[in-house]
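In what follows, a single structure is set out as structure tokens and then discussed.
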Amino acid sequence: MTVATVPAPPAGTGKNPAPRSGRAARARRNLTSPWASVVALGIGLIWSVPTLGLFVTSFRARKDISQTGWWDALKPQNWGQFSLNNYQTVLSGGGTSDLSDYFINSVVMTLPAVVIPIFLALLAAYAFAWIPFRGSNILFVGLFALQVVPIQVAMVPLLRSYVDMGLNASFWVLWLSHAMFGLPLATFLLHNFMKDIPRSLVEAARVDGAGHVTIFFKVIAPLMVPAVASFAIFQFLWVWNDLLVALAFGGNTPDLAPITARLADMAGSLGDRWHVLSAGAFVAMIVPVAVFLALQRYFVRGLLAGSVKG
Amino acid sequence: MKRSISKGMAAGLGVALAVTMAACGKTEPNNNSSGGSGDVDCSVYSQYGDLKGKSISIYTTFVDAEGATYEESFKGFEQCTGADIKYEGSKSLTTDVLGRIEAGAVADIVAFPQPGLLQQAVATGKVLEAPAAVAKNVDTYWTTSWRDYGSVDGKLYASPLGASVKSLVWYSPQAFKDAGYAVPETWDDLLVLTDQITKDGDVKPWCVGIADGDATGWVATDWVEDMVLRSAGPAAYAQWVNHESPFNDPKIVESLEEMSKIVRNDAYVNAGIGNIQSIAATPWTDGGTPLLDGQCFLHRQASFYGGNYAQESATVAEDGDVWAFYLPSADPSIKPILGAGDFVAAFADRPEVVAFQTFLSSPDWANAKAKVTEGGWTTANNGLDKANLRSAVDQLAFELLSDPSAEFRFDGSDLMPAQVGSDAFWKQMTAYFAENKSEQAVADAIEAAWPKS
Amino acid sequence: MGSWDSLLLHPTTVGGKLLLMVIAIAVFALVMAVVLALADRLGRFPGWVTALVFLFPVLGLVCFGLIYPALVTIKNSFFDATSDKFVGFANFATVLTGSEFLITLRNTLAWVLLVPLLATGIGLVYAVLVDRARVERFAKTLIFMPMAISMVGASLIWKFVYNDRVGILSRCYVTVAGWFGNEDAQAPHWLMNAPWNTFFLMVIMIWIQAGFAMTVLSASIKAIPDDIVEAGRLDGLTGVKMFRYVTVPMIRPSLVVVMTTVAMTALKAFDIVRTMQGGHFHASVVANDFYTWSFNNHDAGIGGALAVLLFVIVVPVIAYNVNQLKKAEDIR
């Protein structure tokens, strides 16, 4: 966030820095009211109730699930109902292929699909933020507006192009498609951050005779780490949880299909195998949650940094 | 209806899978049935020639354990001919397949889950006419009506694959015995029985559930079709499905009214679940559950629902926990049967594709498939040996399908244009339950949705 | 040929897939390097040439993957179901005169307005509440969790909330009704009775998106310089007033970004409506109708017309953003 990366803002100039920070610390303490925490935790718990329901369900047998509410299973006399059968079914794969194949596919599909749009959007954001040219704003807004195009309209035209190029049913089409669909948001967010990097820093580098490459890597890139990490997690969540793009362009084969496709299949269909799907949803969730926890510190400081005036 | 065959099958196989796992703690149940695949009798496959090094791709709606039985049923063909079958099953086939055809990215062979979709595919001009050998098999092993479902404008494009029977009413043989009820022989008997059940106890007789996510309503369309067959008759049914008579024809509205006698009578539904409105909110997979604990006596649902009961640990057999009887018609001399099925068509005519397509239309495949399937699958291929079917209800369905006195009619919503068959018809029937919309208003609204040209 | 194919296009082994993944990332890193190197040599050219070099990869991909398909869709909206015959505005006429159209439009507007407002509002309040609290991290993770769940999982989760028999909301309703003496109360069918069912479907979206809003807004709140907070305190601002006069104005740009992003998502979202109850019971939205016509009914004409309608609905959202962008430029 800007506070971390940019020299302290000029406000409060008349004051002695040391007491100021002391007072701020006091303000901090004063703001931490215990009841606010209680209310927050309350909301947090309400938010978690639906997920908790699924979690409890994932340990129950189909018959119990469709006959009694999941809260019934929490009563001590019903604890005997809990079993790991659903997880066993999920982890054994159920079909002809091992679950790990699909897991690898998900990883292989996701990483480039996150990295590629970041590379490209960084370049675009740099141009929008630091190279003045006519029509810059119109182009930027146009790009941003493209977020509204539903992915579904692109399916058939894109598939046809991919077939013509001979790329059909390969990872390349998945990476390219995810990159394309992620670019408007990526450019929008990264630009929002980049434009608020103090002009003075860039100007100073220019005066020193630095070209675009130097400015990009020496000045801009280090400051962009938090923003990139933030976009990365959103794109990661989207790609990891995607089913639509993978099935439309890749197909449901063990060579390409991601873990979400496998899990959706395991449900048999929505409704008749709730019990398996409930366990599957948690298995699929492990990786995104781990990534969130790992990137959380960047995330918290990133994304919007740009839109806040330091 | 849409996708429902695969649903039932998946449910059935799920049980098989769970049971196997519980029984022997194995985690790869699919290998169990392949035990004997090493010593396949290759003589039946010699007619397909040597296809070593050739590969054939097939795209179906069958996934997971159910998809595995298909792959299993191809093993003999692969071993004896040397061909490699590339199998892809996807539940999104119905939404994806036309786009894939248009983009030129479609598999060699596609199993269409309903004739309506096959017709749309044929309209693209990319589907190849069935080769002579396939046509010969279809003529030999299927009735002409089945040939017609795989044909467009008189030309055969696709051979039938699996089939299901919808005109069944599930009941508990034990509960019937205890109460002294007999399986009804006519529609009127059924109404009398229904009334009797309400008088005898404080339970309602019928349980129904039509919710199914984005396919909510298909169960109700099956009800309507069965009623039209019984109330208006098979001839009127054909006209109605082909839109030679309007959807809101008085005969159809009458059939709907006949149906309302049961499913919109608060004294008769929704047993063990709630009021009439609850029918629209109850998942179809839960619709028949109350039958197991005596809260419901009658549940009209297709043969594949047996898989659901098996999943609830119930024995599906004539002397078991649940069994099904034929939904009787008003006049017992006419025996209309409502059913559905899937059809395979080819997009390539390489020799190996033709050979595989021929195999799929032969009794060789049907028997191989029956042997590796625990339950939830049957076919109208009369070359199938009934004894190879491993579940009792599949055998019952096969008997009905091959009963010469029965008049088989294909699920109408699968034959109607998608705007009607898998959109307006579903939506309006849902409103019929949820909003108590009148029979006439329902029929009028569906007629209005019929494509103009 | 075969080996190239399995190396670069269709790897079947784990190692092959991972290798291809590395190759792909390297290829695009190379693209980036080429662009930068090229840009440096263009020093003497006008700005727009350099800018174009930087923008080329993004614009190229976006033209190919979004603009071209969008144009095809707009074209299709003036043709018949199989895109063979020009039909003028007939598809639009069909859409606009449909018996359910006004209801669908009303629902869509409700989604586009209420989901961003509520998701952002809840996210904001939550972010303020947990800010500097001892349990901050844990509390944030709770709210963020729904974002990590796939749509398949989320729709299942909410079945256990709204279901008549095994849904917790239905159970709570019955229990509360019991407290008030109504012993045999029946919970309503939450997802069946219009117009409230639209609200209950929106709750799912809000549940997911509040995590997004909270995370982003929390970051902005932390970026408010302590001096400003301090100045506010010296002016006697506390609690709600501090929130109203300091916090909200300071994070205004973030609020706009969050609301816009959530609004776009809400406008396009059809999977919740579709998987929860198929768009029945007068709860459909334009995006769901678009999907039904395009992929269920296979009518590219009407499907296209509905997609065009989506593009039109978003115009005010874009206009608002352009306005905000201009204001920001002025400040700068």
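For clarity, chains are labelled A, B and C in written order, and residue numbers in each chain start from 1.
Keep in mind that, in the parts below, contacts are C-beta pairs under 8 Å (C-beta built on N, C-alpha and C of every residue); 3 or more make two chains touch, one makes a residue touch a chain.
Remember, predicted model here, so these are calculated numbers, not experimental data.
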(request) When you average C-alpha coordinates per chain, which one falls nearest the overall C-alpha average? Tell me, please. (result) C
(message) From the C-alpha centres, identify the chain that is farthest from subunit A.
(response) B
(message) How many angstrom lie between the centres of subunit B and subunit C, each centre taken as the mean Cα position?
(response) 38
(request) Using mean C-alpha positions as chain centres, tell me how far subunit A is from subunit B in Å, no decimals. (result) 41
(message) Taking the mean of the CA coordinates per chain, how far is subunit A from subunit C in Å?
(response) 12
(request) Check each residue of subunit B and list the ones that touch at least two other chains. (result) 96, 211-213
(request) List, in ascending order, every residue of subunit C touching at least 2 other chains. (result) 155, 165, 275, 295
(message) For subunit A, give me the residues that contact two or more of the other chains.
(response) 66-67, 155, 169, 264, 270
(message) Under the stated contact criterion, what part of subunit C meets subunit B in this complex?
(response) 81-82, 99, 155, 164-165, 186, 189, 191-192, 274-281, 292, 295-299
(message) Going by the contact rule set out above, which residues of subunit C touch subunit A in the complex?
(response) 9-12, 14, 17-18, 20-21, 24-25, 28-29, 31-32, 35-37, 39-40, 43, 46-48, 50-51, 54-55, 57-59, 61-62, 64-70, 72-73, 122, 126, 129-135, 137-153, 155-161, 165-168, 171, 207, 210, 212, 215-220, 222-230, 233, 250-251, 253-254, 256-258, 261, 264, 267-268, 275, 287, 290-291, 294-295, 304, 307, 310-311, 314, 318, 321-322, 325, 328-329, 331-332
(message) Which residues of subunit B touch subunit C once you look at their complex with the stated criterion?
(response) 94-96, 98, 120, 123, 211-217, 273-275, 277-278, 280-282, 417-419, 422-423, 426-427, 430-431, 434, 445, 448, 451
(message) Which stretch or stretches of subunit B touch subunit A in the complex?
(response) 3, 6-7, 10-11, 14, 17-18, 21-22, 27-28, 30, 63-68, 71, 86, 88-92, 96, 99-100, 102-105, 211-213, 283-286, 289, 308, 311-313
(request) Using the touch rule from the top, collect the residues of subunit A that touch subunit B in their complex. (result) 62-63, 66-67, 85, 88-89, 91-96, 155-156, 159-160, 162-163, 168-169, 247-248, 251-253, 261, 264-266, 268-273, 276
